[in-house]
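Have a look at the structure that comes next, please.
Chain naming follows the written order as A, B, C and D, and within any one chain the residues start at number 1.
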Amino acid sequence: MEVIFLKDKITTLKNLLFIIMVIGFVSGCNGNQNEFIQGNSTFGISQVHTSKPIDQSVANHAKEKIIAREDITDVKAVNTDKELMAAIKVENFDRFRLKSIEKSVKSDLEKKYPDYKVFVSTDKKIFWELEKVEQRLKKNDMNKKNLKNDLNKLKSLMKEQT
Amino acid sequence: MSNNQKKQLTPVQQEYQKLQKQREIKRPVVKNCIKAFLTGGLICLIGQLISDFYIYYFDFTEQTAGNPTVGTLIFIAMLLTGFGVYDRMAQFGGAGTAVPVTGFGNAVISPAIEHRSEGFVLGVGGNMFKLAGSVILFGVFSAFVIALIKTILIQWGGL
Amino acid sequence: MIYFWAFVVGGLICVIGQIMFDVFKLTPGHTLSALVVIGALLDGFGLYEPLIDFAGAGATVPITSFGNSLVHGAMQEAEKHGLVGVLTGMFEVTSSGISSSIIFAMIGALLFKPKG
Amino acid sequence: MLAGHRTWIFEHKPVILSTGTVGGPFEANGAIPDDFDTLHADLWLGQDSYEKAHKVLFEEACQKAMEKGGIQKDQVQFILAGDLINQITPTSFASRTIGSPYFGLFGACSTSMEGLALGAYIVNTKGAKYLLTGASSHNTAVEKQFRYPTEYGGQKPPTAQWTVTGAGAALLSDSGDGPRVTSATIGRVIDMGLTDPFNMGGAMAPAAVDTIEAHLKERNVEPSYYDLIVTGDLGQIGREVSMDLFKKHGTPISEEQYQDCGLMIYREGQPVLAGASGAGCSATVVYGHLLNRMKKGEFKRMLVVATGALLSPLSFQQNETIPCIAHAVSIEYGGDQLT
């Protein structure tokens, strides 16, 4: 019996493939929309006003400065007393120049905050992680040690090449 | 090359080939390209989803997520090949299934499964790379030449 | 947005492959070998990395990225060890594709019978 | 008796006493499943390799033919058969089981009629009383050898053909009742310089045309003498191209009269692209479907032209062209026959 339905199986397979494709397309477009909305709403970038454990005003200023650039759609940044770490999201078509954007942002920040060791990343992972750190800073459930550990972890992730 | 071959043909052969060409069913190039675009795009989209999954839930960056993504895609290719689905997908998708890394996986896995009847050493081992071997060869050799030239230019040319 | 571009760029690379199949009547072996060489060349000119930054998996999943990462591995080692690095660093980056293919092929051979 | 350069007229008209046809799952799902004696739902036939399954296919076809003809295997004098696998091992191994003296033949997909022509000649000259002839092919065993592993995702162009999983065997005898083999024309190797291994029909068509025209001329009959002129596995393209050639040469063969086994065995909707092919294609269709129809009286005379492409994976890789061959055998049943 199995044999006789071989042909029908193949057609179902084809249909299935087609449906998966359509779903893929639709969900792909949805993804875009979400991101698009996010991109717009981040004109008011997330600010972290806290002095505990470390004052984040440097990070906040840095964020304002970075977001002013046209090719950058979103930014997260955190600072300790010696280090400043920023993760940026780049406008889609400018992603072809990702490496040079990263470099120029880094050198800008280094000029502006010569007292800080600056780290800039375009990586999604760093972006998401920094976002988490910012959230926790906002909720005030972070101490100096925690923050340092987190940033160290991110630094080692950034150093890791494939 | 084909020009050279044409020259060696006798008039009778040339005449027949012309006649044959008219009757040959043409490959539906545009349709095939659209199918390849959709299938290939879908596989890459799935790859992106897997990659983001690894980045989000594990300690991988965009750079390092490549390895587990490739591994996962090849694992999926193994299942699809083993259950006899990948060749059916390929008849639809053409290059859309062959060009992504899943196609490379399929090219290694399918002869391995096929030649199991000749034993693990001579069959599976001996035939595993009979399709993918050329990809590795030309990839490695061209990469070698390119990297060599680039290194020499950087070291001595001060590029 | 990255999903959209991954789809489009990945799809377009496959279309190039399909054209090589159908218009130039190349076998899959020839086509894939040519694409790998193209990937290696693009990286030689420093063009493939920006494409990966732009399209993500759309550029890393097609076989062209195999050529790209071979060159990349070789260049990384070459920076550290000079010319010898070109030889030794080749598989530094790509090893996962090949090793997972081999491992899953063996597992596949143990688990499956060809279905025909 | 030789007529012309390469046509044998069999004055004693050897009889096809009985036939045996065996098919696989894909054939069971095809257009003529009722004309197979045995159909297997399992492509492996319970064996552990495709090649062994291939061997079993032919064994079963031979046994079926002997069973239906009421002949014991020690009464069979010769086996003339072949297949497509390297060194025709499946057929040789099957003949080991049957144990009769054996001629291994290779004519690619034309093997079925090569065997029938030679077998008829031997029986006609009293070289044997009972003789088995046949051919077989197994889709995946052939795919594995000639193309890619079966699970490999290679897209086949619309000119490609589907190799039949099947075996057909015929028991020939000098006396008895059944369709009779009346003449045969042996083909020449014809090469039109085609190189595409996914377009066999186009490459084989000139060989079929050459043999058919030689047969008609040397036997001195009009095409209308035959109710059916049936080619082995030209497929859609090969059939159309050969019709073009007939028109060009002024050979009056009509569309209805000119059929192809490769277009009969599967039904529409099966993913066979341009049609069926393989040594088992002409063997199963002729020994099953067509002889059954003949016995029912649907037609009286047919000319079977099995076509073969004599390439190997190696010759293709070395950029060689595809040489082709076709053998024609006329089978007649009832009605008046030429002497």
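The criterion applied here is as follows: contacts are C-beta pairs under 8 Å (C-beta built on N, C-alpha and C of every residue); 3 or more make two chains touch, one makes a residue touch a chain.
Values in this document were obtained by computation on a predicted structure and should not be read as measured data.
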item	value
A-C compared against B-D, more contacting pairs	B-D
Chain whose averaged C-alpha position falls nearest the assembly-wide average	B
Rounded Å distance, chain A centre to chain C centre (Cα mean)	26
Between chain B and chain D, centroid-to-centroid distance (C-alpha), Å	36
Whole-Å gap separating chain B and chain C, where each centre is the average of the chain's CA atoms	9
Averaged-CA centre spacing for the pair chain D and chain A, given as whole angstrom	67
Chain A residues counted as touching two or more neighbouring chains	10, 24, 28, 161-162
For chain D, residues contacting two or more additional chains	50, 148-151, 154-155, 157, 271
Residues of chain B touching at least two other chains	27, 32, 38-39, 41-42, 45, 62, 66-67, 81-82, 84, 89, 93-95, 98, 103, 107, 109-110, 113-114, 131
Sites on chain C touched by chain D in the complex	21-22, 25, 28, 113-116
Parts of chain A lying in touch with chain C, wherever the complex brings them together	24-25, 27-29, 31-32, 35-36, 92-93, 95-99, 122, 161-162
Chain B - residues contacting chain C, complex	27, 29, 32-33, 35-45, 47-51, 62, 66-71, 73-75, 77-78, 81-84, 93-96, 98-105, 107-110, 112-114, 116, 120, 124, 128, 131-132, 134-140, 142-144, 146-152, 155
Chain D residues touching chain B - in the complex, by the definition given at the top	48-51, 144, 148-159, 191-195, 199, 202, 205-206, 236-237, 240-241, 244-245, 248, 271, 274, 319
Chain C residues touching chain B - in the complex, by the definition given at the top	2-3, 6-23, 28-29, 31-37, 39-41, 43-44, 55-58, 60-67, 69-71, 74-75, 78, 82-83, 85-87, 90, 94, 96-98, 100-102, 104-109, 111-116
